[in-house]
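Next come two complexes built around chain A: one with chain B, the other with chain C.
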Partner chain A sequence: MSRRPLIRELPPTRWFLRHPRYLRYMAREVTSLFVGAYCVLLVIAMQRLSAGPVAWQEFLVALRSPASLVFHLAAMAAAFYHAGTWFNATQKAMPLQIGEDFVPGAYISGAHYLVWAVLSLVVLFVAGVI
Partner chain B sequence: MNAPFPPPPSQEGGDGGSQAMPAPYHDGLPSGRPSGKTMKERLVQLEVLRYNPDTDTEAHFQRYEVMCQEEWVVLDALNKVKESIDPTLNYRWSCHMAVCGSCGMMINGEPKLSCHSFLRDYEGVIRVEPLTHFPVERDLVTAPDDFMEKLKRVKPYVITKQKKPIEAGEYKQTPAQLMKFRQYSMCINCMLCYAACPEYGLTPHFVGPAALTLAHRYNLDSRDEGRRERMEVVATREGVWECTFVGACSEVCPAQVDPASALQQLKIVGSIDWIVEHLLPGGKP
Partner chain C sequence: MAKSHKPVVWFPFAAGGTVIAFCMPVIVVLGLLAALGQVPPGLSYESLHGFAAHGTGKLILFGVIALSLWSSAHRLRCTCYDFGLRADTLIATMLYVAAIVGSAATAMFLFRI
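Let's turn to the complex of A and B:
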């Protein structure tokens, strides 16, 4: 008797529509594009800075354009979401066992959020914003 | 013989799409199981994927209507169908208590143990399909061969360099040492995590969540000395580095094993091993 098992293939371009959890995953992956784009912007900023005061002033003016402001808002939202998913993952990747018990995962993720907030305040202070 | 994934039926009912389907079978009888007088019965509609490897080139859905008690699980409904309507329906099950891991199926598109899926949690037509990402042998029965082969590759057992004679006594372990890996030892090999993992569906050479989790379980065991052997399989492209942390494995796991956490920890272990081996002089992981 010849057996012909049925192979049910996953649609390569639509698989993430099967369940909201896969959409959340794709959203997390897409946010990394914004984070990457912002890194490119920083590299461009350094290049403009090294090109002299005129180039730097032109760059600063370009940063104030409506398109630039929209990009910065979108990149900030994406960075917040991406950072959130990263910090939430820390409790899975770095469990802390004390004796027989594990430290609750919320403490591990919470500590990361706290360090993030403190470092952000330090950066804003050094930059003279606060 | 490739069939696309159809959308699950809506929770409000309906026929689940425009596929032509024969008229539903109906047992027309009250439940044949012993029941108390106060137990409520309900007419349950099941839409079950059927496939006969000897005669079919494609799968099709078969509709059944069966009287069930409100507190039954989907597996009970399938058993009732098999007993009273259609004895040709094929599926696996054994313990009926979420221990053996045999009765994994897609229920309304979600990987579930059918013995752990209560009818009261579903409205309308309940669509039952075999676990995704595995070849379908017949109806709801899938071929687990790929998973079994991968499970063997990670050597899921305690490896010691030297065997102790029995007279030397038992291998002792403190409660803290046990707790380090206990969660990962609860896997029942039900393969729901493989059905939920899109990485496994898209790249079948991926060793996958359950096998890698069991590798981690033995790596963490204080009695074990086989970590290096396992990491040769684990810390590879088809091993843990194929995982992009979708996290679906942990969401569907019926035993709260949390395979996603095991895989992320393995990534850290693999990275440290690589740094020690390649960046430290004379380093051996």
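Let's turn to the complex of A and C:
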């Protein structure tokens, strides 16, 4: 007698609605859309920068359109959500053992948050914002 | 042992994910300030052009943009799959080619500065 494995067909386009955990996973996946789009904007920015002061000034003016403002707000939410979830995951991805004991996960994630805060402040300082 | 090309894709993805996590929020904040009409002094043509004119500045800009592009391409590929788009080879090829073209273009623009 052969045993047939149970094969369940999962709905390929809405499987993630079955559990809040899947939904959070997908929320994080969706941030890649905005981050990816922002990367494209950065490539365009480099093109404009290389094209001279007039082109750069036009680029800065174009950034002030309402669509750009909405896009920036969405990209900012996505970037912060990605960063937070990434740092929270570091304690699972890179557990650190000293002697017999594992370093508490909160220290590992906390160290990442600390470095992130310092780096961001340095960038803001260099850019003349603070 | 079976050889896999996965590390080649995966390493820049992990490096890019880290770069995005550490750098992207503050970059978007700078962009948002510009979008609000409060252009940070560091985003003025003179400052940014001066930064990009140096070898170190070029390397930082290229590193951040290229790694972020590659990581985003890989993540978008996974996102497409998770949303039920199963033409993985086609989508992966398109996204990785786009990331390579974007990185090459960035390098070219930076060399012109």
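The working rule: the second predicted complex is superposed on the first by the 124 of 130 C-alpha atoms of A that agree within 3 Å, B and C clash if a C-alpha of one lies under 4 Å from a C-alpha of the other, contacts with A are read in each partner's own complex, and residues count from 1 in each chain.
The criterion applied here is as follows: a contact is a pair of C-beta atoms (placed from the backbone, for glycine too) under 8 Å apart; a residue touches a chain by one contact, two chains touch by 3 or more.
If you're wondering where the values come from, they're calculated on a predicted model, not measured in any experiment.
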Fit-or-clash call for chain B and chain C when the two complexes are aligned on chain A: fit
In the superposition, chain B vs chain C on chain A residues touched: C
Per the contact definition in the header, classify A:Ile7: touching chain B only (first), chain C only (second), both, or neither. first
Does the superposition put A:Phe16 against chain B (first), chain C (second), both, or neither? both
Once the shared chain is lined up, is A:Asp101 touching chain B (first), chain C (second), both, or neither of them? first
If you stack the two complexes on chain A, which partner ends up touching A:Lys92: first (chain B), second (chain C), both, or neither? first
Quick one: minimum Cα-Cα distance, chain B versus chain C, in the superposed arrangement, integer Å. 5
Doubly contacted residues of chain A, that is, touched by chain B and again by chain C: 12, 16, 29
Under the touch definition given earlier, write down the residues of chain A that touch chain B in their complex. 1-12, 15-16, 18-19, 21-22, 25, 29, 89, 92-95, 97, 99-102
Which residues, counting only chain C, touch chain A once they are in their complex? 17-18, 20-37, 39-43, 45, 47-49, 52, 61, 64-65, 68-69, 72-73, 75-76, 78-79, 82-84, 86, 102, 105-106, 109-110, 112-113
Show which residues of chain A lie in contact with chain C when the two form their complex. 12-13, 16, 26, 29-30, 32-33, 35-36, 38-43, 46-47, 49-50, 53, 56-57, 60, 63-64, 68-69, 72-73, 75-76, 79-80, 82-83, 86-87, 112, 115-116, 119-120, 123-124, 126-129
Contacts from chain B onto chain A in the complex sit at residues 1-5, 51, 53-54, 56-59, 109-110, 132-133, 135-137, 143, 175-176, 179-180, 198, 201-202, 244-248, 250-251, 258, 260-261, 264-265, 267-268
